[in-house]
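Take a look at these structures.
Next come two complexes, and both contain subunit A; in the first it sits with subunit B, in the second with subunit C.
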Partner chain A sequence: MRVCMPTTLSDACSMLADAGTAGRVMAGGTDLLVDWPQRAHEHDDTIWIDLSRVTPLRRITCADHVLRLGALTTYWDVVQSEQAAEAFPLLKQAARVVGSLQIQTRGTWAGNIMNGSPAADGVLALMAYDTTIELRSTAGVRRVSLDTFYTGYRSTVARADEILESIVLRRHRYRIQYFEKIGTRQAQAITKVGLALTQDSADHSWRVVMNSMAPTVTRCPALEGVLSAQQPMAGPDAWLPIIDADVSPIDDLRSTSRYRRVVAARLLHSALADRCDWIGQ
Partner chain B sequence: MQCDQSPDSQPDQPAAAGPPDGSESRGVSRRSFIKTMGVSAAAGAVETALVTSAAEASAMQRRDDVETLGPQAVALTLSINGTPHRVSVEPLTPLVEVLRWNLGMTGTKTACGRGACGACTVHLDGQPIASCMTPVIDAVGCEISTIEGLGNGDQLDPLQVAFIKHDAMQCGFCTPGLIMSSKALLADTGKPNMETIRKALCGNLCRCGTYPNVFNAVLEASGQPVPNDLNTDNGKRGG
Partner chain C sequence: MKRIEGISKLTGRERYVDDLPLEGFLWGATVRSPAARGRIKAIHFGTDIDWSQFVIVDHRDIPGPNEVAMIERDMPILAASEVRHAHEAILCLAHPDRHELRRAVASVRVEIEPEEPYLDFVAEPTQSQIQYGSDNVFKHIAVNKGDVEQALAEADVIIEGVYETGAQEHVYIEPQGMVAWEDDAGVLRLTGSLQCPYYVLNALMHGLNRTAEQVRVIQASTGGAFGGKEDYPSIIGLHTALLTLKAGCPVKMIYDRGEDLAATTKRHPSHIRHRTGFARDGRLLAQDIDIRLDAGAYVTLSPVVLSRCVIHAAGPYQCANVRINGQAVMTNRVPFGAFRGFGAPQSHFANERHMDAAARQLGIGPAELRRINLIRDGQQTATGQVINDGTDRVGLLDDALSRADYGRLREAHRAFNASNPYRRRGIGIATFHHGAGFTGSGEVDLASVVNVAGLADGRVEVQVANTEMGQGALTVLTQIAAARLGYDTNDIVIAPADTALVPNSGPTVASRTAMVVGFLIEQACDDLQAGVMQAAACDQRPVGAHLKQAIQIVVSQTEDHQPIIGSATYGKPPDVHWDEATYTGSAYGTYAWAAYVASVEVDLRTFVTTVTDFVAVQEIGTVLNEGLARGQIEGGVVQAIGWALSEECLWDEQGGMSNAQLTNYIIPTSCDVPLNIDVGFVENPYAYGAQGAKGIGELPMDGPAAAVLNAIADATGVNPTVVPMTPERLMELLVPNE
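Let's look at the complex of A and B:
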């Protein structure tokens, strides 16, 4: 096992390219170092590219309706950035329910995206906005919409030689912004059911996002369609067939499929019944 | 959107750079330190001038002086409670192990070893972190504060005094972590209310269930009145 400590992103990219299949990028390490050092032997051949000294990546910039989070931006950095919290309030809400403060100060948004967990809470909030990520390699930078980044359980369109450089959020005006995480406790809990939604106040378009309900964090086109069509909903149960068209929650050690569907339906109904007069109580 | 450039939200300092004397022992060469500073100063330009074409990207030169560590142990210097300590360890060793095993600073505890309980809480540049999840190499160049750094000789820190007064521990295993989280909170928020205290301590689990007394101790240490005081109600307490 070797650990590279580049101080520039271009060095990090070339080292990752040189490392080939042995290369792994590390940011806060809060996903990678679970059960370390007991698991260290699994990584005898790994070449770690530790980004922690690429200091320009730890930046939040905000200009012209665009918020840019450098790859080393932590949850706590966003909680403390008034501009980020004001422009994209769901980010702060999500940040405060990730793990605990000790995880929020080390864990990064980029690590949350790249780790690819279906339970990722940071991704849940980011996908409720118009979010693009910039992936850099020695071949240059490409931009990918977060909506199309995940291709299946823990798989993404990113290549092994790419480093996520920035997360770019484009601000619209929103009529509705909502985020809710259901877990066993308020802190240190992996999400059983997560729902985030936004409605654009200019074109009235919706983004409905769920986590822990499908193999990836995902947008829900059927729900978005029903909302755009202003279809009345008699009560929480009326949402179930539409939820089933979008996601397929499973039974696992944290929860059951049934619980997840029913809770998602109730969250949707309680979130929207008051805010959308066509839905009904 | 009211949105300016916000360098203020992110300090311009390198997060993990070497000491100004550039000593090699910390695992950060003088060269890479100077380079880090240079990069930091130029960071504004980096943000606006995004490289987008492959041609531009290939113009970026690979540098040969990037530090590569391991697999064997490396000599590092850690700044703990204001004092430099030299250790020889593998770079991804969890910080808590280095504190306890290499330096004998056993005030910081380890229980879950996976970021879930807060027993290992220390501060990195003033922020509470789980030291079981933090590779020691990431702590080089940062100021590490541990429970050993609190108080002054026999003079206990006000938080420690309040924890004793409010009987805020039973077995005491979670206590150093709880005190370090409380310390970070009080440095940030002079007089936190109960809600803020509970949030700040949400990452510290106490199996003995001492939470109400811990919250009261934090109220006391921040100079606020303590309602529902169970333990200092002299004489009224049974047993």
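Let's look at the complex of A and C:
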């Protein structure tokens, strides 16, 4: 195992390019520690590019209806940033339910995106907004909508030589902003069912996002369609067929497919029945 | 009195086994079975490892019999030709570099010719699954009182129920760990995280074929145990010792959390069936109880766990006709072992849930049904033990109900539930008891010995093998000796729990330390005072400063300034009679009694149960140290809430634990338990406990699961019968799948 500690982003990109398939980028390192040291030997040949000394990447900037988070911006940085928390309240909500306080102060939004876990709470909140990510390599910068970033379980459109440089959220005005995490307990838990909703005040468009319900954190076009059409819903069970069109929850160590579907339906119904008079009780 | 070792633990200065200074040592690790059951065909050592750098121990390196000495000697130290459960130890390896050692363990492939495992302890085993006797039953215990069939035939109402509980992992903060080395005199020394130094000593003597003088076991500061370090340290201790003897240098073996979760003992899963006859007015007429415990692959402590489970199964109630049949069944799972409560939590869960279900069917309030049946002085338990301790058990219940504001809350919950779209509140009760000390004739068989030594400077050293593991034993035993001698607590020293330095005062288990060992300390203190009185020719028993001065003088007059020793050996209280053959008589010298009340809120969107309030009232004899006693109750309640709602061992197809990580084995955090646990003590001194104390440590594990599930039943109207009652299980009850 080798660890490289570049001090500039361009050095980091070169090191990653040189490392080829052995290269891996590290920011807060919190996901890495989950299996460490038990599985350390699996990384005997890995070349780690540790970004922690590229300090400009920690910056949060908030200007002209755009919030920009750097590759090293932590959950806690967003909690502490009044502007960020005010403009995008779901980010703060998500940040406070990720892991423990120690993880919140060390874990990064960029790492949460790049690790590709279907249970990523940070991604759930980010995807509920109009979010683009900027991927840098020695070849330059590429912009990708977060909605289209994931291609399957822990796989993304990012190339092995690309580093997530920044996360760009475009600010809209929202009529509804909702975030709910149902974990295996009240704190320090992995999500069993996660749901985030936003409705744009201007064009009334919806974003419905779920995590731990599919191989990736995902937007739910069928649910968004039903909401846009203002289709009445008789009760929680009426949501189930539409949920099934969007996601495919599984039985695993933490929960069951049935629980995830039933709870998602109930959360959707109780969240929206209060906020949308056309849904019905 | 504040905890003696409190500051050093709080500030991180306390040294646990992994922190002890050690030089020139190897790390030890274990190669384990991948299969539930089968014959070991071959062991393949990976070609990517330079094996000449490793010390490798297998069953042929064991100097004595390949047996871990416990109640039975059925468990091998290292599997020789067959394996009986996944993660069973087969080889031990040692190497200076821990990283290399992990690579090496991963590169060993054990080839097993599989045989059909027996994994479902509730189902009758097929012929090919039978591995013990004719039915895989390790131990069968029966209690018979009165005529159950006759009473059931005459009962107005018969109520039946089946109750199940799952395995629970101890999750002591510090995983299992040991260090072994041979000293210059050829004595094999072992130090580590453990509860019972003499258990480990006996296992080492047997397996290593050594005399008591050739082995020495020293407890290191221990970061929690809960029973998980009662029997297992004998196994990891033997492994570490075998590596040391072969390597010729010290060896340190520390489990990581995953290995600890997968390979060490847990609470016995249970399946308990009740068939109960009631009179229409609520009087218990007959209790017919069948108990089946999953014992796992080897006997370990299962017969005594079953014993406690059976004895507590009928609850703290008067009933003339009781039949209890208990079985501990061998399966191809990790051996289940000691865990706080030791069989009683399973019994009380089943019985207290059943009482609630019965109350509903009888149309009698749950509190009233208990008031009617709680045992009164002069009445007999299921084993025919006459209870006559003067404790007002009905008063205890009423005290708990009034602290919980039970009557008003029941009304308030009804109104709340009628108006809220998806939140449901409920309140539940459990009344229960816990026998203190060893079961039956256990204490007599132990014949514990305690010494106290008057030192040259006048201080007194308490010499016991009982251990501090987070529960506060050091502090309480110091208090007991100081009070008895009229000493300042600073003038009492507790000797290290080192088998070369202290007598065998029995294991630190069964809620016996403060009560039984503390009582022996008082007697040994009396003996010391008598000895000093005689040696110093005093007219009266010296206490306090006089005693200290007298000890200084007496010791200074002896050759080599040898300490003066006071001693005591356990003697049975006169009114305790137990018949092991018929399972009748005084199962325990005394019982602690309790009434707990839990309030919950269930979210019908997520099926998450939140315990919102908890009241725990108990009679535990004299409260020796209120802060520590309160800590024991609060901790036990939290651990039991975890067992009730979230802690679940999931098993893979080979019977191994598939969620052996703390991310997926869900213990409660401080956000998952009520902010306030209202702890109440009623004091009724016990004549044979130190200062009148009874046992306390296990009691709070027994009641909360039933109280919480009774509250869920009250909130939602369903009849939950399984712990853990996870949100997924509760959903299946509330929204059954069509």
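Keep this in mind: the second predicted complex is superposed on the first by the 281 of 281 C-alpha atoms of A that agree within 3 Å, B and C clash if a C-alpha of one lies under 4 Å from a C-alpha of the other, contacts with A are read in each partner's own complex, and residues count from 1 in each chain.
To be clear about the criterion, contacts are C-beta pairs under 8 Å (C-beta built on N, C-alpha and C of every residue); 3 or more make two chains touch, one makes a residue touch a chain.
Every value quoted in this text rests on a predicted model; they were computed, and no experiment measured them.
Enquirer: Look at A:Leu101 in the shared chain and tell me whether it touches subunit B only, subunit C only, both, or neither; answer first, second, both or neither.
Expert: It touches subunit B, and subunit C stays clear.
Enquirer: I'd like to know which partner A:Leu267 touches here: subunit B for first, subunit C for second, both or neither.
Expert: The answer is second: A:Leu267 touches subunit C but not subunit B.
Enquirer: Quick check on the superposed pair: does A:Cys4 touch subunit B, subunit C, both, or neither? Answer first, second, both or neither.
Expert: First partner only.
Enquirer: Compare subunit B and subunit C by how many residues of subunit A each one touches, and report the one with more.
Expert: Per-residue touch count on subunit A favours B.
Enquirer: Between subunit B (first) and subunit C (second), which does A:Ser248 come into contact with in this model arrangement: first, second, both, or neither?
Expert: The answer is neither, since A:Ser248 touches no partner chain.
Enquirer: Answer with first, second, both or neither: which of subunit B and subunit C does A:Tyr259 touch in the superposed model?
Expert: The answer is second: A:Tyr259 touches subunit C but not subunit B.
Enquirer: Applying the document's definition of touch, where does A:His41 land relative to subunit B and subunit C: first, second, both, or neither?
Expert: second
Enquirer: After lining up the shared chain so the two structures overlap, which partner does A:Gln188 touch, if you call subunit B first and subunit C second: first, second, both or neither?
Expert: It touches subunit B and subunit C both.
Enquirer: Subunit A residues touched by both subunit B and subunit C?
Expert: The answer is residues 34, 37-38, 40, 186-188 of subunit A.
Enquirer: Any idea which subunit A residues touch subunit C in the complex?
Expert: My answer: residues 34, 37-38, 40-41, 182, 184-190, 193, 253-256, 258-259, 262-263, 266-267, 270.
Enquirer: Going by the contact rule set out above, which residues of subunit B touch subunit A in the complex?
Expert: Contacts found on subunit B: 1-7, 9-10, 13-17, 27-28, 32, 35-36, 39-40, 42-43, 46-47, 50-54, 56-58, 60-63, 66-71, 90-94, 97, 113-116, 118, 121, 124, 127-130, 133-135, 137-138, 181, 184, 199-200, 202-205.
Enquirer: In their shared complex, at which residues does subunit C touch subunit A?
Expert: Within the complex, subunit C contacts subunit A at residues 98-99, 102-103, 106, 256, 258, 421-422, 604-608, 610, 646, 650, 658-659, 663-664, 666, 668-672, 727-728, 731, 735, 737.
Enquirer: Report the residues of subunit A in contact with subunit B in the complex, numbered from low to high.
Expert: 1-8, 10-11, 13-15, 26, 29-30, 33-38, 40, 44, 48, 50, 52-56, 58-65, 67-68, 72, 76-77, 80-84, 86-87, 96, 99-103, 105-106, 134, 136-141, 171, 186-188
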